[in-house]
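Read through the structures below before going on.
Look at the two complexes coming up: chain A is in both, with chain B in one and chain C in the other.
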Partner chain A sequence: MSKFTFFGGKGGVGKTTVSAAFGVRSANAGDETLLVSTDPAHSTSDVFGQSFGDTPTQVTGYDGLSAMEIDPDAEVEAHLQGIRKQMAEQVSQVVVNEIDRQIEMAHNTPGAYEAALFDRLIHVMREESAPFDRVVFDTAPTGGTLRLLSLPEFLGDWVDRLVEKRQQSLDRYEMAAIGDTEPRVDAETDPIIARLRERKERFAFAGRTLREDAVFYLVCNPDELSVAETRRAVEHLRSHDLAVAGLVVNKLTPEPDPEEDGTGARYLRERCAREHERVEEVETTFSVPVVARIAARSGEITADVLDEVATELPVRPPSA
Partner chain B sequence: MSKFTFFGGKGGVGKTTVSAAFGVRSANAGDETLLVSTDPAHSTSDVFGQSFGDTPTQVTGYDGLSAMEIDPDAEVEAHLQGIRKQMAEQVSQVVVNEIDRQIEMAHNTPGAYEAALFDRLIHVMREESAPFDRVVFDTAPTGGTLRLLSLPEFLGDWVDRLVEKRQQSLDRYEMAAIGDTEPRVDAETDPIIARLRERKERFAFAGRTLREDAVFYLVCNPDELSVAETRRAVEHLRSHDLAVAGLVVNKLTPEPDPEEDGTGARYLRERCAREHERVEEVETTFSVPVVARIAARSGEITADVLDEVATELPVRPPSA
Partner chain C sequence: MTVYEQFARFREAATEVLHGLYHGMIEHPAFERIENEAMDSEDAFFFACFADAFGIPSPVSYYTAELLPYLAEDFEAWERRMWDRESVLDWKGDYHF
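Right, the complex of A and B next:
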């Protein structure tokens, strides 16, 4: 069994609900499960009527299920503060002021949000995940984040050459400044080199884990726009060697009872017919199977409907 | 009456349908109307069952209504080709190759798409709009595009100082190269200066027109995500001195007939109740009035439902 399960998809399709339901099902199946939500609206807390924070907490009433909520904004802030602090230790005050300005600008780029969140997810995969059999994320890497996965290959040679050059420059500096013939500072202990090596190693871990120990599902809704976006997401993940195991079609309009008649029933039947066509299109034109079909709920999603949603979800991925 | 009407909102909320309906209503009211669609799915062509391209074309069966469809991808391509060509005339081949690489990269940035589309919209406002009383766009400037509106102020002083410096350098070059005491090349005719002046003037026109001769509506759906996004869009437009005249709530679930009963009717009634709450929230917490409430359609949107949708839309903006 793969340890990590990701539910990706555009905002609003219902990733958080589907992930929570899957977490419940996984725990019920006997797997010690951690549910990780990155939804800024904290809907995992709403679903279970219990407040979750940045560390895994047992979900009351659900044996074997823990949950945590990551606040992406706080992560961006912490991430940039970390960069600032590290830089401040290595460069002069003038440079620090300039870096501050750059960081302020970087704060507002969409890439910063993604990168910080991805860093946090990698941390969860390495650290917080240890005591669990399965970890469920209500997000999947997208766009620029996926590009970070190819970083280790690019960084590989470059870091090696950099170490060499840095060693030479350290040697000369030492010899010039101190007059020793044997330098005492070593590139192996240089903080900048260490940071580059650490980054390279971190993304290499992420790439390996996502490719070898993770399952990806995409959640979509039965409308044209969502289907088109999902098609792009499947291709995009594939182009980074990440295979989508299945699609979850969420928010299907429920069929009226057979004897129902009138404006409302006619509306629902026509709508269902169109959504049917859409799902059929997905089934016949996507290279990825539809693994679950979930009906729309009219009310607020709370824990009592999760079991119902969960029965639709496969706790073991299909052998595609 | 303002000449330009913009319908903004996130993808999928129904901007194109609402714009088409508004165009029909405007033409029926006796105003010579041009409908401009930027929807890459060409849904304006689908709605009217008639193919539209990049130039205004009379809509068959609708007196006083013309339509055009702008292909944003083609615009990005043309825009970048234009930059490439212009650069090639002014710099060496080595620099051109480097620029080519940069342009290839720029092609994939979301900003390029927005900027190219905005350039095209400005062109429509200046040129194609001339024979019409009213021009309806199924998009509104967002994000980075809005920032372009403040460009003229920033460019103002900078261009003036640049002209001065460029004139000095041209003078010296002429004197050194030719030995004349009176230079013959003039900053006034310099192509780089001309290009900067043209840009400054173009965005100044856009800012003026959007502030003084345009009406903005935002289309949203009665769900939490759409309402939150609309709230941000209103604020964002306001921060650039663009006032939203009204909100159009689209895709409201239709109420079942009073005598209907059963699973379907219960689902619809609960859904309607939630959407009602959402609309009430919009009405009480937004500083912008809801000017239209439009019911969801179960089928493909075609011209025959446009009149029905149009009756909901105010052809004159409310005096907010």
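Right, the complex of A and C next:
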């Protein structure tokens, strides 16, 4: 059984509901479960009617289920402060003022947000997941998630090249210093190389865990845009060696009873026919099985609905 | 002063001059080239880490910012050098008087 389960998909398809329901189901099956929301527009709190923060909190009314919401902005801020603090310990105030601009800039780049989220994700997988049997990730809309998941490989290569460059320049300094003065630093004791290697090791851990100990489900709706985006997402994930285990088709329109023949009924019937086509298309042309079909619910998502949805989701029996 | 002592002193002076000549013509330029190359690859390293200092978005600068506490002083010099290549003082000390 894979410990980590990721739910992804386009915005608004119902990922939060599905992943919350999956969490409930998994907890009911006897697995100690942690539900992690990485979507900046957190709605896990709304689904359970209870506010969650940065640390795993027991969900009231559900045994064995905890939830947490990660705030990337707070992560970026903490990273920024951490560097500033370290800086103050290492160098003089004059230099600190000069460099501060650079540090600030690095934390305002578009990638910073993803990097912070990714960092936290690694931390959750590595440490905070220890007391749980299963961790369910409710991830942000597709684009961001995909980039996030392809980061380890990409960053690993980048760090490799940085280490190489640094090594090269240190080696040259050493050569130039023959017989003369001692080189300033050497590769063995260089804190920069040590730091980069540590980073690389973390990325490698993330890559390994995502490939070997995680399953991915994509949530989609039975409409053209959603299906097209899901198709791209499946390919993208596969190109990064991450296999999608299944699709969850959400928000299927309920079929009216056969004897009904009002305007509403005719509308629904037509809509259902179109959705059937879509689902069929998904079933025949995707290499990934549809693991659940969930009917649209009118009204808010409540605990009852969650339980109902939960019964429609696949969960393997708890680990032996 | 005996002739031997004069010879010894002459040899000593000659050795020093020759060694100086060798160092100036062969040894020093060679070391300097290696050192220059070391500096160039250090510049390249800095650039790879902090390309965003020049407006080029870099996906790793969030992570490499962690290196700044160790690199602070070199970073500042590097940035000045990159922005203003004309500055004689920042010319990596590559001048002979």
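As a convention for this text, the second predicted complex is superposed on the first by the 231 of 320 C-alpha atoms of A that agree within 3 Å, B and C clash if a C-alpha of one lies under 4 Å from a C-alpha of the other, contacts with A are read in each partner's own complex, and residues count from 1 in each chain.
One rule holds for everything that comes next: a residue touches a chain if its C-beta (ideal position, glycine included) is under 8 Å from a C-beta of that chain, and two chains touch if they have at least 3 such contacts.
All figures in this text were calculated on a predicted structure; none of them were measured in a lab.
Of the two partner chains, chain B is the only one touched by A:Pro256; chain C is not. More chain A residues lie in contact with C than with the other chain of the pair chain B and chain C. In the superposition on chain A, A:Asp223 contacts chain B only, with no contact to chain C.
Once chain A of one complex is fitted onto chain A of the other, the partner contacts of A:Ala74 are absent, as it touches neither chain B nor chain C. The residues of chain A shared by its contacts with chain B and with chain C come to none at all. The residues of chain C lying in touch with chain A in their complex are 31-32, 34-35, 37-39, 41-42, 44-45, 48-50, 52-53, 57-73, 75-76, 79.
Of all the residues in chain A, the ones that touch chain C in their complex are 76, 79, 83, 86-87, 89-91, 95-96, 98-99, 102-103, 105-107, 109-112, 115-116, 154-155, 158-159, 161-162, 165-166, 168-173, 175-176, 178, 180, 191-192, 195-196, 199.
Contact residues on chain B toward chain A in their complex (touch as defined above): 11-12, 41, 223-226, 254-257, 259-268, 270-271, 274, 296, 298-300.
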